[in-house]
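Presented sequentially are two complexes of chain A, the first with chain B as partner and the second with chain C.
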Partner chain A sequence: MIAPIPTKKNPPSEIRVRVLRQNGPGEEPYWELFDVGYEREMNVISVLQKIAAKGKNVDGKKVAPVAWDCGCLEEVCGSCTMVINGQVRQSCSALVDRLLADEPDEIVLEPMSKFPVIRDLMVDRQRLFRALQRVKAWVPVDSYYNLGPGERQSTKEQERAYPLSQCMSCGCCLEACPQYNKIELTRNEGETDEQFEARKLAAFDEAFVGAHAISQAMLFNHNPTGKAIAGERLDALMGPGGVSACGNAQNCVAVCPKEIPLTTSIARAGRATTFAAIKKWFET
Partner chain B sequence: MTSATGSPSESFFTRHEFAIRRLHSLTGIVPLGAYMVVHLATNASLLNGTETFQSLVYLIHSAGAALPLVEWGLIFTPLLFHAIIGVWIARTGHSNTGNYKYPSNRRYKWQRITGLIAFVYLMMHVWHLHGWVHFSPWIKLGDQLGFAQFRAYNAASTLAVAMNSLFWQAFYLVGVWACIFHLANGLWTAGITWGLWISAAAQRRALRVCTAFGVVLLVVGTSAWWGAISTDPEAAKAIEDRMYKANVEAGLVPRSVKKRTQPDPVLGDSSGDDAASELISTGPLSDAGQ
Partner chain C sequence: MAQQRVVVVGGGLAGLAATMKLAELGAQVDLISLTPVKRSHSVCAQGGINSCNDQTRQLGDNEWKHFDDTVYGGDFLNHQPPVKEMAFWAPKVIDLMDRLGVPFNRTGEGFIDRRRFGGTLYKRTAFAGATTGQQLLYALDEQVRRREAEGLVRKFEFWDFLGPIQDETGRCRGVVAQDMVSMKIEAFPADAVIVATGGCGLLFGKSTMSVFCTGSAASRCFQAGARYANCEFIQVHPTAIPGADKLRLMSESARGEGGRVWVPRTPHDSRAPKDIPAGDRFYFLEERYPKYGNLVPRDIATREIFDICVNEGLSVDSDRMCVYLDLTHIPKAELDRKLGGILEIYEKFQGVDPRFEPMKIFPAVHYSMAGLWADYAKSGDGGLLPGSPRNQMTSIEGLYAIGECDYHYHGANRLGANSLLSCIFSGLFVGPSIINYIANQQGGYAEVPSSLTEAAVKTQQERHDKLLKTSTGDENPYLIHQEMGDLMTRAATVVRRNKQLEEAIGHIDELHERAMRVSLSDGGHWTNQNVIFAKSVQDMFPLAKSLLHGALLRDECRGAHYKPDFEKPSLTSEEPVERRRQAEVWCDEFEANNRKFLKSTIATWDTNSNQPQMSYEDVDTSLIPPRPRLYGLVGAEAIEEVWNERAKAKADSQQTATSTH
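And then the complex of A and B:
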């Protein structure tokens, strides 16, 4: 974690915060300015808490508090991910003193642009989790009887797998990816919940799966038990919106808060799908 | 998920995305990238003299009747495929270098920009010098408009004349540089796509190698460009005429009208018997080449 840094020498009494707000899905976004009192060692979460406590914007007008998501407050759950001063990151580990050192005038908060906004800074990351389903990012252990202890993993394999296992599904890699585009569907007239959900999932399933899912596919394909369905994961990665939709901008690895070697996973998936394609071509 | 894949609503592109994108990557290297290296090296030989360049062009044109097959099978078809799919790929991305100013992200953007430049450049380049198809009325029409200017048996002189304008000189320099960046950077990304270089360290090493390759090709390509604009057409034509006469007499090169600047002072113009028979065999036209 990031250690507290020395507080600024001449701290401002107030911090100006600019928030891109939206009242609900599909509604017009708008900017709103807030001033909050400065305190030592604040993070963006405590700024948002102060905004909620104050309940007024910079003009003194009473406004609904800014909605946001958070959970662990220690950069392991990923739910407070948002775009802060133009860069995607977790708001819990975004320290105000550091933000002000880079940009003293104001702190700009926006929701992630690649997911549909629910309200203000809260987004719907369903597609992110759907991608994990697409690549079957799990170890298949269901059975009618005890399968016994799993195969032993070498230290080398463990060391390769551990960084990938740190993924918290926050969405930073997707937000920064130029190949990952927002999909926001609206319900058609007379469409049932089930029909709308099916249409949404179909749209998700042919769009780019994303770096996080490619990396998870590689994690589980190299797991001694997980590799049982390695072929199915590669099929998904060779399907529509699979690994070939990657454009090698490599922003994912640069913004990943957990420093997961995502581009190594992508190259590994590239190699695995190359061999799988050749095998398919000549063996089936 | 299974209900979504393979549904008839999916487009051909969606169903075959993996194969199409991999074929796009492959055609960029072989044959297009490999051809570009040979092409630029051949043209750079012009700096050594008209004789060297003309000899190499004779060698290429020794393919004879198979040449259009090679051109369309190994160059134009892959080029059009790579270009059209490339535009489609570029349209699927939305560059964000404003907020994420990483070198690799900038290269991502420039790969697409240079790709689009290369598309326009190559369409024009082939039309400007080659003419796209060996169809005499078409070539004749192009010639009148200042296109289809290259004559293989007057390789250096026709090239030098065609390049004798500031517009084309600037156009070719930008175009060649765009193609070179696109190939060198594309080689690096293809290595990741196919899974050749895996680790971050390996990708960094590969980037250095691809950069070096790009720099060398930049020197070769710029030499080719300089060779074309620094050649004196008159002097080159004299050498070409001498080489053509000797080669035809030695039986190394067939007589040709359409590959020679007309009127041809060496072995007569299109009224010759050989020339007429060539026209009959290569194009549905009786009076071309005059």
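And then the complex of A and C:
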């Protein structure tokens, strides 16, 4: 249960916001301060909206609005992840009154550090989605024609699958993971778009796949039809950057906004890959 | 046959369903979306997806009744052939989503569990917790990722659709889109184009919709010549959580699982809700609508909540309008299992646990029944002709619209849990139609003349550059958007009055002119969100204007469009003969009104005057004759009696006519 939002007796008239900005990839990051008029029931999204509408920093200088990504504003789309007062989370569910109760002086906003910055608080999470391809996170159905219902499933099975299926690819688990390191490549001279893209994907595919993707692999390995390619998913998790790259820091599960049992998935994946490896060893 | 290429704009349920189906049929798909498709607004759908099912069938339900509920709930403005087809496909759609791995809630025996939604008496709604939209979207996203891995789909995420490319005959030959990171503008030649870009909640400033639901993509098609239909029909959802940045949806499933709406009988009763005894609580929906109770259709629930706060002064809080939505009588374990997702939203954003304290909610703009006009070919049995190239095609040849941005499925009011169905259905159904359309065309995507694509890119580049260069402008796009939202919310949501609409039309014209003079605070060429937003604000105006004009012209009450000055009164007499006479008059007026207004509103955009041109078109009501929607009306029985007699007489005379021929 969540404690009620502290209602401040004397709310400030202005909130000080410190933003780590960056004009583009490869450019030097810099801090910029903003003052925003306080209102009841604000979140970090409405703070950033006000900054955009105002278009001026704390010195009254006209500046470009802070770039950031957002979508649903109710913590189901995963867009608006950033580091707020040192913690990775969604900015929509970061309520200003709570932030001020913990830290009355200012709100500090930074982009996630594990992904290349596109601009300001916006980062490129392509690698996160690529990992879902890497572990074949889908049910390999025959076709999209009408072939009747899927298999009957017990309530227990549904209740095991549903929490894993709520993963919104927000990236919190990756930001918190000591084993997940930023990959930021720049285009070589004379390299075409396609060549650069291929080199980038190859780099992604060798690095740690991440807790979110391991968990998705387990979700589909336990689906009645999804398990048809369970072996292929385990192969992906046995390779370099697979489940063995996990250092068991358990930060992922602590920061997951959907409270997905990520470490349980990782443990399961660890066991399954070990069995698969032994089995392979006997077969060869 | 040459390789076919289709551009799909929008990666929500409809766009993804179409993409995966087209990929299966062998077409190459370029999928363009302004957000990673997994983050599309469909994730916000909570409650579920409707179909008749084995259990309801044994209680007398069937596809036809689902069809009937949908058109009755939509006040007969729905086009019936597509709705019929959709209702008959519904069980198959749910079977498919089940096979794709959607974790639908299960019964003890392992069957898909169902709950009841508004506007029906059957438990038709399949659900995955209270995040059904998210779960359905993820299943489709996974299939599209699979096709992407196979090389059949190319995704262009963080790309903004700027407009269709049309050749000299008007046929759509591709699209122009802009990379929102590098800002480069490019042409995507195609054999056919689908827009699946959802609704336009941002016309109202704050709504339950995601920040990118501006309607600008539909507007860009509209401005390019596509017709826009039923513009004035916007659904205001009865239950949302008021917020500073957004009005967050509180799903109808809360009422489907037994949630009760009430207010204290004493205005602003200061007691805690749990201390207010039953006798002092006003369960106004249950009292006024004994048959449907808390599950009346959305337009009715919305008006009642609005009325109880605005006209009766019974809002729970004195400083803002809200009513209680109460789940506290339901065991916590059951709530967690069936509604966990939405209860967490309330908890996270309001800091109150709705399992123990009633939620405070108020209506919010939620869904656009309006959309791009789209065609269909009717089959012999009254449904749709599968594979006809006409299905879902807009008035621009080769340009298709599906999902929330088409117009024909939900009429004047959408029933809960029907939108996920119409999105997936239209997405799947359009696939073969497009393949057949392409097969009959001369000149494929590879033969689109470069002069055509270059000219289209140039037009968009000029618009973009002009916006960046305008330093003389004095208007702030964010503030213009706020003003527009306030204006639209005041004039065109729950209650509409002609005087207010006329004023709003004058005001919106002025705002539109100001929006064309915006000055940007960012003149840069890298990830410039400022200019993208400014363009979408400008493009919201054609839809806002059409909405206001459509609302002004429609002097009646139909579904979500409610004008109290034209409301048909309840029967007043208790005396049987007089009551019967009143019912006759009521039915006469109803029929006269239908002759005038049971029509689709059609808007076309006039670029010279910057105004919509309005006209009307007949609605296909050939399968289920329109009848009065009588939820909760005094004298409903008398009216129904007269109506049934007339309907029977009509049917008999038709039969006699056919048998004598």
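Criterion: the second predicted complex is superposed on the first by the 271 of 284 C-alpha atoms of A that agree within 3 Å, B and C clash if a C-alpha of one lies under 4 Å from a C-alpha of the other, contacts with A are read in each partner's own complex, and residues count from 1 in each chain.
Here is the rule we go by: a residue touches a chain if its C-beta (ideal position, glycine included) is under 8 Å from a C-beta of that chain, and two chains touch if they have at least 3 such contacts.
Keep in mind the model is a prediction, meaning the values are calculated, not measured.
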item	value
Joint occupancy of chain A by chain B and chain C, clash or fit	fit
Chain B versus chain C as contact partner of A:42, first or second or both or neither	second
Contacts of A:93 with chain B and chain C, given as first, second, both or neither	second
Chain B versus chain C as contact partner of A:261, first or second or both or neither	first
Cα-centre angle that chain B and chain C span when viewed from chain A, reported as a multiple of 10 degrees	160
Touch count on chain A, higher of chain B and chain C	C
Contacts of A:214 with chain B and chain C, given as first, second, both or neither	neither
Touched partner set for A:155, first chain B, second chain C, both or neither	second
Which of chain B and chain C A:146 touches, first, second, both or neither	second
Partner chain(s) touched by A:135 [first = chain B, second = chain C, both, neither]	neither
Smallest distance from any CA atom of chain C to any CA atom of chain B, in Å, after fitting	9
Touching both chain B and chain C, residues of chain A	133
Interfacial residue positions of chain C with respect to chain A in the complex	20-21, 24, 35-36, 38-41, 43-44, 92, 94-96, 98-101, 103-112, 128-129, 131, 134-135, 138-139, 142-143, 145-146, 148-149, 181, 210-212, 243-246, 248-249, 337, 341, 345, 347-353, 428, 476, 478-479, 482, 521-522, 524, 526-530
Complex contact set, residues of chain A against chain C	1-5, 23-24, 39-43, 45-46, 49, 52-53, 55, 62-65, 67, 70-79, 92-93, 95, 118-119, 122, 125, 129, 132-133, 136-141, 143-144, 146-150, 152-155, 157-159, 161-162, 165-166, 168-169, 220, 223, 225-226
In the complex, chain B residues that touch chain A	1, 3-5, 7, 9-10, 14-15, 17-19, 21-22, 89, 92-96, 98-100, 102, 104-105, 107-109, 188-189, 192-200, 203
Interfacial residue positions of chain A with respect to chain B in the complex	86-87, 133-134, 176, 178-179, 181, 198, 201-202, 205-206, 238-242, 244-251, 253-255, 261, 263-264, 266-274, 277
